[in-house]
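Naming follows writing order (A, B, C, D, E and F), and every chain is counted from residue 1.
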Amino acid sequence: MDTIIDSLQQFWQYTGFANCTWQHLAMIAIGLIFITLGIVKKWEPLLLVPIGFGMIVGNIPLFFDPATGAGLKIGIYEDGSVLNILYHGVRNGWYPPLIFLGIGAMTDFSALISQPRLILIGAAAQLGIFGAYLLALLLGFAPNEAGAIGIIGGADGPTAIFLSSKLAPELMGAIAVSAYSYMALVPVIQKPIMLLLTTKKERLIRMRKPREVSQREKIVFPILGFICTAFIVPSGLPLLGMLFFGNLLKESGVTKRLAATAGGPLIDIVTTLIGLTVGASTQADVFLTGRSVLIFGLGLASFVIATTFGVGFVKFMNLFLSEEKKINPLIGNAGVSAVPDAARVSETVGLEADPSNHLLMHAMAPNVAGVIGSAVAAGILLSFLG
Amino acid sequence: MTTYLFSILTAGSDRMAQTDPHGWTLTIISVTVVFLALIVLYFLYNLSGKIFTGAFKRKSSTKKNAQVPDAEVAAAIALALDMEEDGDTYAAIAAAIHLYLATGVHDTEPGIVTITRKDSSPWSSKALTFRKLPR
Amino acid sequence: MDTIIDSLQQFWQYTGFANCTWQHLAMIAIGLIFITLGIVKKWEPLLLVPIGFGMIVGNIPLFFDPATGAGLKIGIYEDGSVLNILYHGVRNGWYPPLIFLGIGAMTDFSALISQPRLILIGAAAQLGIFGAYLLALLLGFAPNEAGAIGIIGGADGPTAIFLSSKLAPELMGAIAVSAYSYMALVPVIQKPIMLLLTTKKERLIRMRKPREVSQREKIVFPILGFICTAFIVPSGLPLLGMLFFGNLLKESGVTKRLAATAGGPLIDIVTTLIGLTVGASTQADVFLTGRSVLIFGLGLASFVIATTFGVGFVKFMNLFLSEEKKINPLIGNAGVSAVPDAARVSETVGLEADPSNHLLMHAMAPNVAGVIGSAVAAGILLSFLG
Amino acid sequence: MTTYLFSILTAGSDRMAQTDPHGWTLTIISVTVVFLALIVLYFLYNLSGKIFTGAFKRKSSTKKNAQVPDAEVAAAIALALDMEEDGDTYAAIAAAIHLYLATGVHDTEPGIVTITRKDSSPWSSKALTFRKLPR
Amino acid sequence: MDTIIDSLQQFWQYTGFANCTWQHLAMIAIGLIFITLGIVKKWEPLLLVPIGFGMIVGNIPLFFDPATGAGLKIGIYEDGSVLNILYHGVRNGWYPPLIFLGIGAMTDFSALISQPRLILIGAAAQLGIFGAYLLALLLGFAPNEAGAIGIIGGADGPTAIFLSSKLAPELMGAIAVSAYSYMALVPVIQKPIMLLLTTKKERLIRMRKPREVSQREKIVFPILGFICTAFIVPSGLPLLGMLFFGNLLKESGVTKRLAATAGGPLIDIVTTLIGLTVGASTQADVFLTGRSVLIFGLGLASFVIATTFGVGFVKFMNLFLSEEKKINPLIGNAGVSAVPDAARVSETVGLEADPSNHLLMHAMAPNVAGVIGSAVAAGILLSFLG
Amino acid sequence: MTTYLFSILTAGSDRMAQTDPHGWTLTIISVTVVFLALIVLYFLYNLSGKIFTGAFKRKSSTKKNAQVPDAEVAAAIALALDMEEDGDTYAAIAAAIHLYLATGVHDTEPGIVTITRKDSSPWSSKALTFRKLPR
C-alpha cells in the first residue's frame, strides 16, 4: 500500500502538471490563438490550424532529468521519436519542394504570361527580404540568421521553412511562425500602406484587358521559365524546379492525374505534416526568447518594406508609361506573393475606390511572380550564406 | 584578388560577416540578380506573346470581342473573394482568370469552368459549375 | 550440357520448393485463412486481407546458408530489402500514429460529447489490458513482454502495434495478429458474455435520447481532450495527439481537404503497408512457437475480461442511477474499442431483446472512449516499461 | 525512499521485474490513471454540456421535438449494420448519429447527409444520399 | 563599388551560363524532346514528361570546384540534397514495387484467366531479355551490366529500374531512359516486324470468344499466381508480391478503397517522383558516353528479338493446334508487356487486315503475362548476378 | 562438383564472368525457368477454368448467348485505342474485356461499366458511362 501511494506520487512527477512552467502555458495559449484565428477569422486555416495544434503538441510539458538523462523519448528533438521522424522532411528541407510541386500543379500562370511587364513588380517586392536582412545585421544577428529572417519578407511559407532549415535551423520555428502569421495578416498590414501611398486618382486607374493565352504558351512557360531562372540562380533549383514541374504536369494536358495528385493528396499530406511539426518545433525554451520578439519585429518590417516597394515600383513604372498603359498601383502590394491573399487585397481595396473596377486578375500576375521572385532570392541567399 | 572574391562566394555566414558586415554587397548583388532573373522572364514572355498573339489576334478579330460578359467574371471574382475556406480559392481564381481572358471567344476547351464550394473532397474533384450558356 | 543440368539442380536449391518446411506451409495456410475470413466473412477485411497476404509473402521459403551467409537479401528482416524498408514504419512506430490521424479525421465524437458519463465504461473495459498483464507475468513473461501482450485487450490494432514495437519487438507479429484476430472475432466472443451477465429486464432498458451537440463543442472537444489526456499521460502523446489532431481537422470546418486526405489516401496507404509488413513479419521461425500460442490464449483472456468489466461496470453504475437515467448494460461491451464492431454487437444483441430499441448511437460513446482509454493505457505502460 | 521510487518509474522492464514482480503496483496505478484521465474528460464535457445546452434548449424548444423521424434513423442504422464491406461503416454511423441527435431540428448544416455504398472510391468522395425531405 | 562589381563577376561563376558545356545543352535538348514526344505524340506521357523534365533539372550546370570541393550541394548525387533524398526510392529499389502494387490494383487479368494457353506467348517474348544479355556480353559488358541491359527487353519500366538499381546502378539512367524510349516507340518498332513475319492469311485468323471469368476465379488468381511464381523464383518476390497483392486488393471486393488508393494517389506520387529522379540521374557526364549509345542499340535489339520470338512462338503453337483453335500471330508481339501499348498495336494491325476482327482483348492475355514473365526473368537475373 | 556449382549460383557477376563467359548457361537456365513458371500458371488456370466453367456453362446456356452486342464492344475498343491521354486506357480496356466476355449475359454486377475521359481526377473516380440499356 505504501509502495502504491509512493508510486502514484512518483507518477505525478511524470505528468504534464508537475513539469509545467508558465512558458509551456504561454505557448499553448499561442497555439490556441492560432487555431482560433484559423477557424474563426479563416486566415490561412490550412496552415494556422496544424501549426497551432502542433504548438500545443510540442509544449506538453515532458519530464526530463538532466542529471540522469532519464525522460520520455517522445519530444520532436529526440532521435527516433515519431515527431522527430515526421520532422525529417522539415529539417532536411524536402517538404517545401513537395509543397511547391503541388502549388505549381494548382497555379494558373495565365495572368503573368499575358502581362509580362507586371512580373517586375514581383521583383521589386523582394526588397522586403533584403531590407529585413540589413536591419537584422544591424540588430546583431549573424549573416546566416539575418538571411533566414529576411526571407520572412518573401511572404512564402515553404520558402521560409526551406531556407531557414538550411541557414539557421535553430530559428526555424520562430521564422516559420512569423512568416505564416504575417501572411495571415496580409489584409491588415497591407491596406493602410496601400491607401497611404496612392492618390484617389491612381486607385481609379482601369487596366486594359490583357490578351488571351494559348495552351501552347502555358505549356512552354514552365519549361522556359525553369531553364532561365535555374541557369541564373542554380541554387534555387529545388524550389523552382518543383514549382515549374508541377505546373508542367498541370498544363501539359496529358499528365492530369499526376497534377491532380500533386495538388491534392500529396500537398495535403505534406501540408498537414509540415504544419504539425513546425508547430511542435516551437518548444517553449527554444521559442520564447528575446530573439523571437526581434524576429517578429523584423518580419513585420519586411512585410511593410515589401509592400511599400511593390506599390512604389508601380508608381515608378507609371512615370514611363503612356496614359492607356498605366498600371493601377493597388496591384503593387501583390508582388510579395502570399498567394492569393495579397491579390485579394488588391481587388478589395480597388473595389472600394471603384466598385466596377476588378483588379484581381491583374494582381495575380505580380502575385505569382512574387513566388518565383522569392524562390530566386532564397537561392541567392543560400549560395551566399549556405 | 580572385581569392578574395572567391572567399565571398564560397563563404558561409562567417566570411560574409567579415567581408560584408553591413550586408550592402549582398543586398545589391541579390537585388540585381532577382531583377535580372525576372527581367529575363519578362523579355521571354513578351517575345512569346508577340509570336503567339499574331495567331490569336486573327482568331479573336473574327469574333465579337465587344460582348464582355462582365457579370460572369464578377461572379467568379466574388466567389474567389468569398472563398477563404478550405483553399478553394485557387480554383475560383483560375476560373475568374479563365473567364476574364476568354470572354467573347469560344475557345476549344469544354466551355464549362468547374469549381466546387461545399464539397469536402480535395479541390480536384470539386464541382460547382459556371455554365457558359449557349449563345 | 553437364554444366547446365548441374546448374539447374543448383537452381533448384534456391527455389521455394527446396527450402520449404511444414512451418512455411502452416503459415501460408494461416495467411489463406485470414484472406478467406476477410473476404467471405467480411471481418475487418481492410486488415485481414493485407495481413493474410503479408503472411504468405513473409513465408515464401528463401534459401539461406548460415555457414557462408549466402542467400537472397529480400526478407523483411534483411537490411535494405524492400520489405525491410517498408517495415521501418512499423518498427519505428510511425505508421500507427498516422493511422490514428486518419481515424481521428473520420470519427464522429458527438455520441461521447452528448453523454459524457458513458466515457467511464471506456475506462472500465481497459481492465482487460491489466488483467492480461497480470496473467502474462504469472505465465513467466517478462514485464515488458507482459505489457505488450496485455495491450491486445485494448482491442485496437494500431495501439497494439505501436506499443509492442516499443516494448517487445520480437513478439510484435504474434501480438498484432492476435489483436486483429480477436477484433475480427468480436461478435463471436462478446455476445455470449453479454447474455450471460445481463438479465432480460436489463436488456430492455431504453436510454433517453441525448441532447444535440453544436459544432463549436465538436471543435473544442479534440483540443481540450488532447490537452487534458496529454497532461495526465504525456507518453500517450504520439497516439492521442494524432487522434485529436485528425478530429480537429475534421471538425474545424476550414481544413476539410486535409481531413479528407488524412482519412482517405493517407490512411489507405498506411493501412496497406502496415498490414502487408506486419503479416510478412510473422516468419515461421519467429512466429510458430509455444509463446505465440500463449499469446493467443492471453489475448482471448484479455478480451473476455474487458467485456466482462465493461458490462459489469454499467451494472455497477446503474446501482446509483435513477430509473430514467439507467444505462442498458448491453453497451458495456463497446468499451473495449474495436470501433465500430463492438458497438454494432451492442445494437444487434439489443435488437434481439427489443426490435425497436436502437443502442448503436449510445454504444458509440464508450466505443470511442475505449480508443482514448487504450491509448492512455498504452502511454502508461510505455512510461513504466519503456 | 525517493531513489527507490524513482527506480520504479525510470525503470524499464528489468526494474519492474524486481520491484513489482506480480504486477499489482503497476496495475493499480495504471487503472487509477486511466480512470482519472477519463473522469477528467467526463467532468469537462459535462461542464461544457451544461454551458452549451443552455443555448441549445432555447433553440430546440422553439421547434417541435416530438416528431422523431425514427424511420430515417433506423434506416441509417440498418445501413451501418449492413455495411461491413470496405469500411463505409464510419460514414454510415456518423450519419445515424447525426440524424438521431438532430431529429426535429433543422440545423444550419446543409440538411443532406451523404454516405456512399457501391462506389469504390475512398469514403470521402462517396455519395449515397439520405435526403431530408422538406417538411 | 569595386567589391560589388567583382562580386557580380564572381556570382557569374556560379551561374549555369558559366558552367555550361555542350553536354549539358545536349541533355537538356534530349529532355525537351522527351517532353515534346510525351505531349505531342502522347507516347507514355506519364513517364516521358516527368523523365524529360527531370533530365533538364539534372543537367542545369552547377558550379563545382574539384580542388576545394566547394559547390552547391543540390545535385542528385550529393548526400542530403532534396533530389538525393527523393532518389532513395530509386536507388534502394522501393519505388518500382510500389508502382507494381498500383499496376496490380488497376489491371484486369480476366483475359489471361480465360485463355491460359496465351500465357506461353508471354514467356517466349522474354527471350528478348536473354538475347540482349548474350549480345551485351559479346560487346564486352560485365555479366551484371549485361543482365541490367537485357532487362530493357522486358519492356517494363519499373522492372528495368528495379533490376538495374540492384545490378548496375551506374547504368541505371541510360537503361531506364532506353526502356521507356522503346516502350514509347512500341508501335513504330513492332508493326513492321509483325507484318514481315506473318502472312495475310494468318493475320485474318479469327479467335473464338473466350469463356467468362467468375469473380471467385479473379480472387483466387493473384493468390495462387503469387505462390507458384514465388516458389519457383523467390528472388522475384518484391515485384511479383506487390503486383499480385495489388490485384487481390482490387478483386477481393472488400478492400476497394485500398485498391483505389494504390492505383490512384499512391502510384501517381511514385510515378511522378520516379520519373523526375530517374530523369535527373542522367547527368551529362554519366550519361553521354559511348556505353549509353551501345545500351540504346542493345535495347533496340532486345525489343526486336522479343517481338520476333513472340510472333514466331504463336506460329509455332499454331502448328499443333486444330483449325478452330488457331491463334492470330498478330497478338504475339504483345508478349513483351509494354501494357497496354503492345496490345493496342495488335488490335490496330489486326484491324488493317480485317476491320471487324478485334484482337485487343485476346492480346491483353500475353500482354499481362509478359509483365509476370519479365518480373520472373528479373528475379532469375538477380539471383544469378546480384 | 557441388562447390563448383554453388559458386555459380551464389556468385555475383565476377564468378559468372569466369564460369559462364558467353552467357549461354545463364540463358538456357533462365529461359527454362521462365517457361516453367508460366507453364505452371497455364496448367493452374487451365485446371481452375475446367472447375469453374462447369458452373458457368450452365448459367450461360440459360441465356441467349447469340445476341453479341458487338457494337458496344467495338465502341469500348475504339475508346481504348483512342485514349492515349492520361492513362485512362487501363479502365477502357477493362471495360472492353468486361463487355466482351460478358456479352449476352446479365451478370450480377451493376451492369454499368464506367470509364472516364475528360475528367482530370484519378482514374478511380472517373465516370463516362456505357449504359447497358434494359433489353
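The rule we apply is simple: a residue touches a chain if its C-beta (ideal position, glycine included) is under 8 Å from a C-beta of that chain, and two chains touch if they have at least 3 such contacts.
What you see is a predicted model, and the numbers here were worked out from it, not measured in a lab.
J.: Quick check on the interfaces: E-F is repeated by which of C-F, A-B or A-D, going by over half of contact pairs matching?
T.: From the options C-F, A-B or A-D, the copy of E-F is A-B.
J.: Between chain A and chain E, two touching copies, which fits better, same or different residues at the interface, with half of the numbers shared as the threshold?
T.: different
J.: Does C-F or A-B have more contacting C-beta pairs?
T.: More C-beta contacts join the chains of A-B.
J.: By CA centroid distance, what chain is farthest from chain C?
T.: Most remote chain from chain C, centroid-wise, comes out as B.
J.: So, comparing C-alpha centroids, which chain is the farthest one from chain F?
T.: A
J.: Could you grab the centroid distance between chain B and chain D? Build each centroid from C-alpha atoms only and quote it in angstrom.
T.: 44
J.: What whole-number Å value describes the gap between the mean CA coordinates of chain B and chain C?
T.: 48
J.: At what distance in angstrom does the C-alpha mean of chain D lie from that of chain C?
T.: 17
J.: Going through chain A residue by residue, note those that touch at least 2 other chains and give them in order.
T.: 14, 42, 45-46, 232-233, 253-255, 257, 260-261, 264-265, 268, 383, 386
J.: Could you say which residues in chain D touch two or more other chains, in rising order?
T.: Residue numbers touching two or more other chains: 8-9, 20, 29, 33, 85-87, 120-125.
J.: For chain E, which residues are in contact with chain C within the complex?
T.: Residue list for chain E touching chain C: 92-94, 97, 101, 219, 223, 226-227, 230-235, 237-238, 241, 245, 248-249, 252-255, 257-258, 260-262, 264-266, 382-383, 386.
J.: In the complex of these two chains, what residues of chain A are touching chain C?
T.: My answer: residues 14-17, 20, 28, 32, 35, 38-39, 42, 45-46, 49-50, 53, 56-57, 60-63, 72-74, 80-83, 85-86, 264-265, 268-269, 271-272, 276.
J.: Mind listing the chain C positions that touch chain D in their complex?
T.: Listed in rising order, the residues of chain C that touch chain D are 42-43, 45-46, 106-108, 110-114, 116-117, 119-120, 122-123, 126-127, 129-130, 133-134, 137-138, 142-147, 167, 209-217, 220-221, 224-225, 228-229, 232-233, 260, 263-265, 268, 340, 343-344, 347-348, 358, 360-361, 364, 369, 372-373, 376-377, 380-381, 383-386.
J.: Show which residues of chain D lie in contact with chain A when the two form their complex.
T.: The contact residues of chain D facing chain A are 1, 4-6, 8-10, 19-20, 25, 28-29, 32-33.
J.: Would you mind writing out the residues of chain C in touch with chain F in their complex?
T.: Listed in rising order, the residues are 3-4, 6-11, 13-14, 65, 68, 70.
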